């Protein structure tokens, strides 16, 4: 029994069957990559996990609890965090505030009427936030406005925002998309470090095979809305079905 | 002090000093001088400054922090006013219950309107709030006449006998605070200067200061941070495990209660309510106050409110006869020319001046009056680059492209 | 039955005014991304183009009539329009009476210029500014424009009648087999409706079938990409602003015989036209037109005595009530696009 | 509880103050009453007295407000001995001799009501608190009049209403410190009905369109009850929103209802638009029940007639005063107004001018600016020579009773001001009513007691 169980999930948009009969199990404390050509349904699947979309059929359970019908913030409160393709951060706020907000959410829940408590008096939260910034080596930038960060820093900030909540499951949607090689490597190192230090499960959607093979312990190949193969990285390389699915698109 | 940082405490004390010394500051010209026309230190206008300041502070909590632009806030002001005057008509002439009732009524109405309107965002939200306010206005003006008094509004009458006040028959009640009449004033004459210290003004001013203090606390609280997060990125907020709806609704209700406080104060200062208080132009006015002063800054909306009310009350009272008085020392030809030049901008032309001012400020001072203040400040302390005041952070946060 | 047909006719007519104003507003918003609070003022300026032309045509010289006296007992000075002198009294009078239709020709270049000047002189600098700033500056402009008009023409409405040929009404009911006097409809309103339909069709055809229109539509969808194609999209958008100003202005010119124009008529229409645009869906031209007609017809029905008897005050709030219901059931109005003005 | 404390700024403004930094604190409370020297709000000291002219300078009634302001300026000029004296010469009371009021030179301040009660009260309060005005006058709508009248009652100054036609002003909202010279809805109805019956017969079917607010309600009620008393039948009465500009959907069903007369209980822009729309629908060319279809406008003003243009021709209505009246008072007023401004005055200008004179005269007769003394002088005061014939300021409700003019849109106007012609001057006796008339708030309506403030 994995930490995340996806059973028979199907999703239809008008005439397009985006997902059909998806079965997937993500084991605890592993890095599980989902790959597949464009339009294979990777993002749709991810959106079904976080509550942005509701699948037409099937079930999604996280630690035995069904995620269906829950709103994104409820799913997050269960311990699922998400990193977006383009970093989604609070651009108008400072770096420190960006990290403090998830701390509050983690401690106080989805809504807390704390309009008269000063942020300054929340020393615990601040310490925790500064700690995580130090972990991702961004502490010296804590007073910068997030919108003025470089793209790589924004990505790290987003990671920090997710990690500060101690998620059990981290969903990563193409975390290195559009990055230069050096930044990609930094991200890989960062993710490896996270994995080594914490009890955390990761599910990665990724195009870049270099990233996938550097990190993943299990790989699921998705094509036309259905899982084609699920294997270890070693076995995926050169798998005929995968080759077929990509038609040589990816550098397998 | 007061659980605020030094910077905020300074700001609060500064605003407190300004409001408490307003009778001096607003009456800088001797009574008999030609410039006395520009004195604003009389009770009615001072009361209006702080009342509309309160209104704008509350509006800014919603608009400045969450970015939700309500175009129907005047409805809460109106509902607060109606609640307050009914309290005075029925229960007691003491202003405290009336003001509290105003806040409660406005809060409840804001809860209803907010609950429905906040299902949409952006301009769709604006139009929903506008629609509610316009409906309130139209109904108050017409079919709700038995409750609202319709066009002629509600005033205290000789026939009103509040339960807890023992009025002589035929006596018209007066708003008071434990016996202190809202209208009573202490007048100080120093040379040619006259300063009026009005009881009502100080009560309204204290309400505004409390409101301002609470607003600082909200700005600096985790709650305020969440509201700014709503404005910045609602998607990330949801994926961070936060439910943005209760935050925005809470902000909406809080700002509605500020509007109700302002409405209750208006009734307490001047026992009269009319439905035009809820017309869309009144809602637009508070939006303009906030933008004019500096959206998202603490003090900006208060400055904006002061500016608009000053123009409305002082400029509109200048007439040609007064212009002639001013320029009487000039040769006749030049006097008439000057009068002719100024004529379109004063008296009935005060709207024109206001419109031009809006344009000039938004063109040259994108951050509103607060930015203007900062620019002046910067001239004085060029070198001191790191002296970023509290306010400049907020002003800077207004990113160019949305 | 007669009552219903009658109110549909009235609704179409009201709706055409709403639709015309909302169309221009949506054009400006869709192309330039600017929330234009001065759009009502453009409508008002259009109406005052008609007033101005009427004034120009009636420019007069004074003739003293000794047989009559004025209110102070002095000999009466009678104003004789120059056109009467030039074309003879009868022809001159006819020219003055036809000033509203003639004003269309007058208003097109004027509104074109006003729109062009506004966009180049002011709006251009606000493309990248927050919507709040756009609202403040255009609202300021609207106030200035209406105060200037007030300074010249006063606050009182100014009668601008339709030519005598188009005053009065025809019996529409009798045409389709009802009793006489049951369904009457004024000629001028028929003309207004036809005119509005023509303008709306022309704008759509222009956007649909010309290259210019295609580029503008592409620009509405994705301004940056079109800019990358090496097309000077800004110049075309300026033109679109001028066109929107002309549409608003013409709506104003043609409206003058229906309601005597006054300086604040723009503000009266402003809120309503925003409601129409939003109900139609931000950025959707067909949505704006559809919403204009829907709201016009519903407003007409709500004003029927039978309806008011059942729900008192419904005629006061119908537009806003419908707007609320539509926005709650259809999140982006009737035909709005996702993500436009939602943040 | 302490008495009102509107300031005595007038005292300071007009008195010569000793220089230097001498601080003279004064506390005002009820005890000031004892100070016989002042004893009331803004008691004028020195050689001048300040009046507050509070008129709409922006908004839809701005032109009417401008005309009121002209009349006030003219009245001040005459009171101070300037110009040709206008109606000072024809007024039956001869206390006004061009030496100001009570020997004090008249000064004035102006403000903008914006036709909003809040703005009007703000403006009035600034006149009282800042400028030391002893009397407030003006306004062009009943909402504003009622609001400002209530304020003046609280503040302890006199309010001389400008143009306000709703019954409420001197009906259920009457105040001891407030006075109205203008006529009201009841009088319009009472004056119009006989003329309508004489011209259009007694078996008409009327359809009312009524502005959906207080003034509309009182006017509809007044016209309805007096026409029904003549034998007319009211087919329907539909309320129209104040903010309505296009009345087509209200006018179109009129013919379907079988009505043969349309009564437009509208004022200002509403009336201009509804009348224009009605004419546009060709109602006046129609024949219903064998009779020509007719339109009636209960309250006329020249500015409205101007806005409606040729549409007013032949349409009946009532008005408080018209410049074409030929009595000596009217002629004198038209002459001095026309000479100064180049066109004849409107009824709004007339009522404002007259109100100023009446106030000045009352002060002179009372020998005091004390509001209570002025109230006493005005109550039950009979006068003539101010353009409306013999007039009574009734003590019970502070309403003037005088003849009412029934007018009709002129067929061949000689100028843009010559739009109405007088059809009949309805005598005062015909428009009188009991002070506790149900349309006037019934027995519950009370003036209260005069308030001198201070």
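Going in written order, the chains are labelled A, B, C and D, and every chain counts its residues from 1.
To be clear about the criterion, a residue touches a chain if its C-beta (ideal position, glycine included) is under 8 Å from a C-beta of that chain, and two chains touch if they have at least 3 such contacts.
Nothing here was measured: the structure is a model prediction, and the numbers come from that model.
Chemist: Any chains in contact with both chain A and chain B?
Modeler: Touches both chain A and chain B: nothing.
Chemist: Applying the document's contact definition, name the chain pair with more C-beta pairs in contact, B-C or B-D.
Modeler: Spelling it out, more C-beta pairs touch across B-D than across the other pair.
Chemist: Let me have the rounded angstrom distance from the C-alpha centre of chain A over to the C-alpha centre of chain D, please.
Modeler: 74
Chemist: So, what's the distance in Å between the C-alpha centres of chain C and chain B?
Modeler: Taking the average C-alpha coordinate of chain B and of chain C, the gap between them is 34 Å.
Chemist: Using Cα averages as centroids, what's the distance between chain A and chain C in whole Å?
Modeler: It comes to 52 Å between the two C-alpha centres.
Chemist: Report, in whole Å, the distance between the mean C-alpha point of chain B and the mean C-alpha point of chain D.
Modeler: Chain B and chain D have C-alpha centres separated by 33 Å.
Chemist: When you check chain D against every other chain, which residues touch at least two of them?
Modeler: Answer for chain D, listing residues that touch two or more other chains: 58, 62, 66, 212, 239, 241, 243.
Chemist: Please list all residues of chain C that touch 2 or more other chains.
Modeler: 313, 316 - these are the residues of chain C that touch more than one other chain.
Chemist: Pull out all the chain pairs that touch, please.
Modeler: A-B, B-C, B-D, C-D
Chemist: Considering the complex alone, what residue numbers of chain B touch chain A?
Modeler: 3-5, 214, 217-218, 220-226, 228-229, 231-233, 235-244, 246-247, 250, 254, 396-397, 399
Chemist: Where on chain B is chain D touching in the complex?
Modeler: For chain B paired with chain D, touching residues are 31-32, 39, 42-45, 48, 138, 141-143, 145, 150-153, 155-159, 170-172, 174, 176, 179-181, 183-192, 194, 196, 266, 270-272, 274, 276-277, 312-313, 316-317, 319, 321, 347-348, 350-351.
Chemist: Which residues of chain D touch chain B in their complex?
Modeler: By the definition above, chain D touches chain B via 1-9, 12-13, 17-29, 57-58, 62, 65-66, 108-112, 116-119, 121-123, 125-127, 129-130, 141-143, 146-147, 150-151, 153-154, 166, 168, 173, 212-215, 217, 239, 241-243, 444, 446, 448-449, 451.
Chemist: Quick one: which bits of chain C touch chain B in the complex? Just the residue numbers, please.
Modeler: Spelled out, the residues of chain C in touch with chain B are 35, 122, 125, 128-133, 135-137, 139-144, 147-148, 151, 267, 271, 274-275, 278-279, 282, 312-313, 316-317, 320-321, 323-324, 327-328, 331-333, 341-343.
Chemist: Applying the document's contact rule, which stretches of chain B touch chain C when the two form their complex?
Modeler: Interface residues on the chain B side: 67, 69, 116, 119-124, 127-128, 130-132, 134-135, 138-139, 141-144, 234, 280-281, 284, 287-288, 291-292, 295, 344, 349, 351-352, 354-359, 361-363, 366, 398-402.
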